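Listed below are the structures to be examined.
Below are two complexes that have subunit A in common, paired first with subunit B and then with subunit C.
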Partner chain A sequence: MGGSATGRYVLRRLAQAVVVLWAAYTVSFLVLDALPGDPVTAMASAGMDSGAVDQEQLDQLRAEYGYDDPMLVRYLDHLGSAATGDLGDSVATGRPVVDTIAQALPPTLQLAGAALALAVLLGGGLALVATYSRRRWLRQVLLSLPGLGVSVPTFWVGLVLVQVLSFQLRLFPAFGNSGPSSLVLPAVTLAIPTGALVAQVLAKSLLTALDEPYVQTARAKGAGRARVHLSHALRNASLPALTVVGLLAGQLLANSVVVETVFSRDGLGRVTAGAVGSQDLPLVQGVVVLGALVFVLVNLAVDLVYPLLDRRIVVAGGRRSLA
Partner chain B sequence: MTDVLVPGLPATLVEAPLPAAAPAAARRTTPRRLGRFLVRRPGLVLSVVLVLLVVVAAFAPGLFTAQDPLVGEPADNFAAPGAAHWFGTDELGRDVFSRVVHGAALSLKATLVAVGVAFVVGGLLGLVAGFVGRWVEDLIMRVVDVLLSIPALFLSLALVTALGYGTVEVAVAVGVASVAGFARVMRAEVLRVRTAVYVEAARSSGVRWYGVLARHVLPNALGPVLVLATLELATAVLAVSSLSFLGYGAAPPAPEWGNLISAGRNYLGNAWWLTTLPGLVLAGTVLAINRIARALDGEWAAAR
Partner chain C sequence: MSAPLLSIRDLSVSYTTRTGPVPAVRGVDLDVAPGEVVALVGESGSGKSTTAHAVVGLLPRGGRVDGGEIRFGAHDLATAGDRELRAVRGARIGLVPQDPTVSLNPTKRIGAQVAEVLRVHGLAGRREAAARVVELLERAGLSDPAVRARQYPHELSGGMRQRVLIAIAIAAGPELLIADEPTSALDVTVQRRILDHLDTLTRELGTAVLLVTHDLGVAADRAQRIAVMSGGRIVEVGPTEQVLSDPRDPYTRRLLAAAPSLAVARRSPAAVAPALREADPLVEVEGLGKDYPLPRGSGPRVLHAVRDVSFTVERGRTLALVGESGSGKSTTARMVLRLTEPTTGRIRFDGEDVTAARGADLRRLRRRAQLVYQNPYASLDPRFSIEEVVTEPLRAFGIGDRASRAARARELLDRVSLPATVLGRQPAELSGGQRQRVAIARALALSPELVVCDEPVSALDVSVQAQVLELLAELQEDTGVSYLFISHDLAVVRQVAHTVVVMRGGEVVESGTTEALFTSPTHDYTRELLAAIPGATAPTAGGTR
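For the complex of A and B:
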């Protein structure tokens, strides 16, 4: 019985993920198709210095890329290819979008991974200390830090770090992706808004958890403060925090556009910035779909792991829906 | 109450972003109460002053600086901050303080357009979803879910690609990317209000649906959406300046907070003030708006 219920839960979540992904593809197609011109004109004007592209050539190019078809035909056509993993070719380089993204992804994943680790460590640590400490001023200072973290512009933090730590103290290289030392500043920059979010969510759910009856029970049974805090409250408080992980992944990916530009690091972020700059529609769409894919996959993973951590969910047959 | 407010958390994240409805009759907004509320919160007063200064700078930059933001004295270039140039000068000898002050107009305009778009479109979607219900609600809320699954910056970038560059284009892109949050909060509020006794009473005494909507549902549902709008102002300032920093905003000679900072990027080694000082103004503005939003979101109602 339990097996089939779990199976249904997994199947339903999988189906939801596919639908969201399809819808995200459709939204990005609609947005980008609203462009007044079309990529062919942009390509022709970019490829040739003189403006001497006659109408006939343009029409030929349009026919070749399928831009003379009605929108619905084009949409179904593209959707069909997308379902087989083909997101079209970049207009600027002519290379397949999927290859371009796959090539640019590893350095960005490295950066995002380092930033995520830092964010969880710093944000989680901050939330723990802030809720554990008995000193009022320390609590207040710590709890106001996340608000500061989400208020400072990421690009500005990056530039200030470069100024102080690279140009004045010469501790880290300012630009590029050469070796681990060049990862430090971008990762710290990227970790600040994410860490702030982790700290906010965890602090809130820790404070809620500390008021629960089971915490009082544990206290009454003589468990030490640290033990109650870490093994009772934190364990339960980190469950709700899991639900924002999908949001964090999307945020990290999106902020990498800014951070990679600041530090002139190669990666998906710079590819994205370049694609927007050259109006490379297929590539921009590919990135948008990737963003949705990451969000959907991370949330799917969280949803599948959640029942294992919190048995009440499947037993109650309740649906978990993520914001 | 353990509800220690965690500042700056987007309302869409928090399960129930609804500030407790204050027993309005019992505690009126008297000048005395407002005064006491503010005196105990110097940070809030400072925030209000800062935001007011930014607004004044946007409409009357001449009050703050007499120097031209676009024309500089080339002999004076890279002057460090001092009495003559509070924020120093850039590579063309232009006064950076003047550029920041004049930049407030474009940045503020972009922010207001962004929040306006999000507020109107999102609010209408949420209102229709909550008021009409049934399949209309399902359809709208599914679309909203999809919008939430795309990282906001990516959605903005796609829109900028489609719309082109410029202050207004960037503003619209940022606004559309935050429609989903408004739609959610508005719908939740409409659903809460719709079942209230006074709405039932109005209905059963024969008020038409548009009367119920305009006189009862809308005024009572609007509060939390307005709080979200103030929070969104801060987010929008950041998003707009990020896109402007990436180079999709106003064309270079025009000063915008984002492109001011990116212009200083080439002189990080010899002119720290070009990036640091405009960035401080930007960060201070965002902090101030967040502080005010927090005061509106429950702090005022909870204070006695």
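For the complex of A and C:
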């Protein structure tokens, strides 16, 4: 696999990403367009409480924002500006969508990044300890934890953590964006469902890998259990877990809506919640496109890591394949 | 015989299952002297692999030593703890596993995997180990050992990987090698070269070998003593010559009679159904070829999987396509069945050109030509009952009603000597041999004129193999069906085929009647294949060869 081949592969994947973004934009446009009501109505009923806004004014506003054009014209118009990086202005605040998102993104990226790191560490650690343990009961207890972690709702975990660690023990602040300590509780809350899935998948594939003939070869060499576990089984078992991590990146963004609301943190999640509540269609659409972008990039990164773990996987020839 | 190196006394092993413990090995006694090669022979489920794995404490999940002793030097490996076992494994007892294609870690370089033995036992430092690895790989018969050490397992062929595993097994200079069916996953000529090499190596090093095999022919060629296992017990043990020429136990006798490599052609296939011989052939293949495009890059643009293959299948006769993996034999057969589109050439079935047949013509061909697959464990739908499996072709062609199809299913099972009670069962409840009989019954359901058998017995035990081959011959006699028989095993081919086509690298290297090919092969490759049949030189009880 030469460097230029990998370069070509990345270029092709980026081109595919453009197509995915276009599709995400188009689908979200169509869905949002099909919803009853339009931003102008929402704006009129929310913003101007000075009494009745008459039909004439509404029509005027619609004309101003272009909402009275036929759908196709609006679509092409918006798509054209989106291609140049202009996703329109927020209906609620009047600020450009791109600016609003750019401002809300850093705290959310911090949160999601911290949560992802925690999820991989805790989930991976749990899976390793559980499959390594020779005590049956311990293994079974540990292996039942991920199922629990997946099934408890995020907001409930958040509320319990706030109640115990913040209000009673006063270890961490419960709300806001002030410094690293305010990141702990939301990151833990966000990491639990993700980490649980990582643990489930990794534990399952570790158990499968430990039954493989090459593990027997390693044991026949006289290798100890720790060596067999970490040096032989883990590397082979990490591929499915890595795939899951890629898929979960999207889920982290979605869950951050709940977590940021529970912990009153500023960030993309709250911006999204607010935009949906006020039918701020341009902003909602901007978030959708951003979500698609993050998903595409994370999965590209995952695909580029695969061949480092397993040399049978070749990325250069246009698609991933087992050689 | 000097004091034994390994001494097994009254060993019992059982597996825990949902329905309670199932004994796998009962009261086995076995000795291996220093430098001696002992073969442990038996069919699947006989307990031979379990015995071998118990020696190194590597029983599969659920396996448990219930009693007995495994003396190895000062150790009793039956009761040894993990630490004690680890000191013995790799250092004093090497294991050559069964399937080289899955027994190396796919994510690690060859060199690191060989070096691991040395490192684990503290026999070499990092740098020293790297040098020893190259030496060991060379010793195991690999060319360019320094290059191999930097490669990953998937970049090596099956035979090369088995050599790597041999290098791992001998790395620490063990006194005993346990070789568990070390070559059964490999092509015959490769098999022979590897076993030859292993012979030389162990003789040079003075290593004793416990060779586990289902093939009496392999045991006959390689071992000084043979122990025959059946149902978890050793039924006979003795010097190789004695066991082969004067078997005491009836089971050993049966095994000997069944071993294709040792048996004389029991039914001379040339004598089968001469009356059915007709002038017009059933299948004529002319200049058949198949190309696959290769990924862009340097080198050739296409792979010639099959090139210019011609042969004729007579009515009521068997033509065998013989070759090793990658020879193009299966691709050729698939083209005859029109499951793969040929790139060049013509296929005539019963005088009619079917090379480009489509729609109704193709469907008619499907009805007249059927297929029996290699692996009866995978070719039957596990959710179907046997009756559903057997009658599926009838349903697919809308033949008969429910009652007549059920009657036909009973008749077909009777044909393949299975009781009608099997009809309501699921494939998982049947043994491998029974499943292959079901697969044959399914192939016969539409009364086809041609049945393609793709390695139909290679997944089965030898005694079962013999029965299935017998059945195929009988069915041919009764129904006049033609077989296109694909196999890598010349010993099997000799028993069933009238004519043989030998393929290599996609091309036909030699073809002719079975008799002529076996007695006076003209091509070097055919000779090599013949020489690779294990047990060819062994003395046998029948003594008629």
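We adopt the following convention: the second predicted complex is superposed on the first by the 298 of 323 C-alpha atoms of A that agree within 3 Å, B and C clash if a C-alpha of one lies under 4 Å from a C-alpha of the other, contacts with A are read in each partner's own complex, and residues count from 1 in each chain.
The rule is simple: a residue touches a chain if its C-beta (ideal position, glycine included) is under 8 Å from a C-beta of that chain, and two chains touch if they have at least 3 such contacts.
Owing to the predicted nature of the structure, the values given are computational and were not obtained by experimental measurement.
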| item | value |
| --- | --- |
| Subunit B versus subunit C as contact partner of A:L230, first or second or both or neither | neither |
| Contacts of A:L309 with subunit B and subunit C, given as first, second, both or neither | second |
| Touched partner set for A:A15, first subunit B, second subunit C, both or neither | neither |
| First, second, both or neither for A:L253, with subunit B first and subunit C second | first |
| Which of subunit B and subunit C A:D211 touches, first, second, both or neither | both |
| First, second, both or neither for A:A220, with subunit B first and subunit C second | second |
| Superposed model, subunit A: greater residue contact from subunit B or subunit C | B |
| Shared subunit A surface residues [contacts with subunit B and with subunit C] | 211, 323 |
| Residues on subunit A engaged by subunit C in the complex (per definition of touch) | 211-214, 216-225, 227, 232, 235-236, 309-312, 317, 323 |
| Of all residues in subunit A, those that touch subunit B in their complex | 20, 23-24, 27-28, 31-35, 143-144, 146-148, 150-156, 159-160, 162-163, 167, 174, 196-197, 200-201, 203-204, 207-208, 210-211, 244, 247, 250-251, 253-255, 257-258, 261-262, 272-273, 275-277, 279, 281, 284-285, 287-288, 291-292, 295-296, 323 |
| Contact set on subunit C toward subunit A in their complex | 56, 58, 61, 82, 86-91, 94-95, 97-99, 102-108, 113, 116-117, 120-121, 152, 154, 165, 168-169, 295 |
| Interface residues, subunit B side, partner subunit A - complex | 2, 4, 6-9, 12-14, 142-143, 145-155, 157-162, 234, 238, 241-242, 245-248, 258, 261-262, 264-265, 268-269, 272, 275-276, 279, 282-283, 286-287, 290 |
